[in-house]
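Both of the next two complexes hold chain A, though its partner changes from chain B to chain C.
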Partner chain A sequence: MAKSNKPIVWSLFAGGGMLSAFVTPVLIFITGLAVPLGLMSLDSLSYDRMLVLAQNPIAKIVLFAVIFLPLWHAAHRLLTTLHDLGLPKGRIAMTLCYGAAALGSIAAAVVLLRI
Partner chain B sequence: MTEPTLQVEILRYRPETDQDPAFQTYTVPYRDDWVVLDALNHIKDNIDRTLSYRWSCHMAVCGSCGMMINGEPKLSCHAFLRDYYPNKIRVEPLNNFPIERDLVTVTDDFMEKLESVKPYVIPKQERAVDEGPHLQTPAQLNTFKQYTMCINCLLCYAACPQYGLTPDFVGPAALALAHRYNLDTRDAGREQRQEIAASNEGVWDCTFVGECSQVCPKSVDPAAAIQQTKIASTIDWYKALLNPWGKR
Partner chain C sequence: MSRKPYLRKMPKSWWLAQRRYTSYMAREMSCVFIGAYSVLIVLGLYRLSQGRAEYGAFLDALQSPPSLVFHAAALVFALIHTVSWFSLAPKAMPLQIGEKKLSGGPVVLAHYAVWVVVSAGVLLVARI
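Take a look at the complex of A and B:
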């Protein structure tokens, strides 16, 4: 049997899964609840602060990771779930899922690089 | 007092006479200490001798009595009538396998896959008898002990939607057994097993639905074995990428 190249896709999926499980909920909590509800100061997400953050090269890498990996995770999960539901893993489904993740990743990279 | 009874609806198929499988309903006495297998034995002994099914131990050890009971893969010697009474029980052969006759399925596909992962200790070097036994600590045994509990009952294959969709998929029990020998300190056969386990048809066809571990009567947790194999195979893959001169 052929040696598989699935580990590339799967390691992105696994990494994205870890981030989605551990980091994404915290980010949603901070940006969606804590700051709007006043549990944290409104100022902590101010434009100026965020701009400085996004200009830092290390922060850029971190921001890219928390966007890019969960996108790949979602694409792969969606594809396999569609397959579980009986949809053949055809070229169209693959292109749509991975294509959306690729576009999102490129968009994130471009935006981050331009800041 | 009339004895309470229960209806059992069984999918029958006798290839020499039946065009297609069809249900046949039997009425059996209800006893609260009876399992579905007892009901089948009652039918075979007293009502219809033509009914075919596999069983041997009647104690969840031999792994031969797996069937779909009300749509769920179960050992029929482990499924109590009292959990269904007074409702009708529907008994069918295991999903995802061709029917040989009545509740008997053709399991050759699994047997071939099981063989392909070499489910036995492959030592690095043959050990002479006078070298004494292999010693293994309880901690070393614990890393794989749960995977040794598999009784090859195939409930996990009947539960796995991927095996149903992708018949080439090596499947839960065989992959769990490959993992079991890979983790054994006496074994040096991982590389040979990886040929199958790390191929596309191996662990990578698994989408981690997790049904296999849900239905396993022996708490083997094949889904965990498969995910651990995915991690180990991914590490191998990156190692090979970073060290292209290393041994393949």
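Take a look at the complex of A and C:
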């Protein structure tokens, strides 16, 4: 039987879809709307507080998951949607989508490890 | 595979032809905002790693009108993703006990219940 990377791609897509279904709306609300608009205190996202969070090993893993899984979910969905919009699902589209997700994941890991 | 597969011509705006297609495209396009938001978190953490002043500038940028417009749109699409994801859950994982297939309703409701608890939990932690 031919080897396929489908199970890996699909589980990342499903895992990322599940995670972002549960946490992305509330995170966008807090960081992008509630705090900037003053509905929530600026202290919620203060430098000292975020630094303590990002330096905690468990929080690092959680933060990485919250970045990494939705990113792969988005890359996979974008690839299939580009196909629906008439762009061939060729090597270039695949490299761009998954490559961007890989770069983003590596950047997240490097930044989290260096904080 | 045949050497010249037949490809039917599709207008680029096919997804505007029917409401169902448009909501399908809205669901699919949620990924652009979800991916962009992940990149934004990486950027925020990077600014955090640079120091207090740089992170302060990042927080200021979050208050700019373009950022607010982006996040408002991102929230709408994130909610479209959540609702469509939950409604697909019982179809992706149909539950069966013996011969009996369970209806999807309770599965969808359970997802919403967990979502409310998770969101409330994140909000509580963020406020402290």
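Here is the rule we go by: the second predicted complex is superposed on the first by the 110 of 115 C-alpha atoms of A that agree within 3 Å, B and C clash if a C-alpha of one lies under 4 Å from a C-alpha of the other, contacts with A are read in each partner's own complex, and residues count from 1 in each chain.
Basically, a residue touches a chain if its C-beta (ideal position, glycine included) is under 8 Å from a C-beta of that chain, and two chains touch if they have at least 3 such contacts.
Remember, it's a predicted structure, so these values are computed and weren't measured experimentally.
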Item to complete: Give one of first, second, both or neither to describe whether A:Trp10 is in contact with chain B, with chain C, with both, or with none.
Response: first
Worksheet item: Given the touch rule stated above, what does A:Gly86 touch, chain B (first), chain C (second), both, or neither?
Response: both
Worksheet entry | More chain A residues in contact - chain B or chain C | C
Worksheet, complete the sentence: Dual-contact residues of chain A, meaning touching chain B and chain C, are 14, 80-81, 84, 86
Worksheet item: Can you list the residues on chain C that touch chain A in the complex?
Response: 10, 12, 15, 25, 28-32, 34-35, 37-39, 41-42, 44-46, 48-49, 52, 55-56, 59, 62-63, 67-68, 70-72, 74-75, 78-79, 81-82, 85-86, 92, 111, 114-115, 118-119, 122-123, 126-127
Worksheet item: Contact residues on chain A for chain B in the complex?
Response: 1-8, 10-11, 14, 80-81, 83-84, 86
Worksheet item: Taking the complex as given, what residues does chain A use to touch chain C?
Response: 14, 17-18, 20-33, 35-37, 40-42, 44-45, 47, 50-51, 54, 63, 66-68, 70-71, 73-75, 77-78, 80-81, 84-86, 100-101, 104, 107-108, 111-112, 114-115
Response to the item:
Per the touch rule, the chain B residues reaching chain A in their complex are 161-162, 165, 195-196, 198-202, 204, 207-209, 230-231, 233-234, 236-238
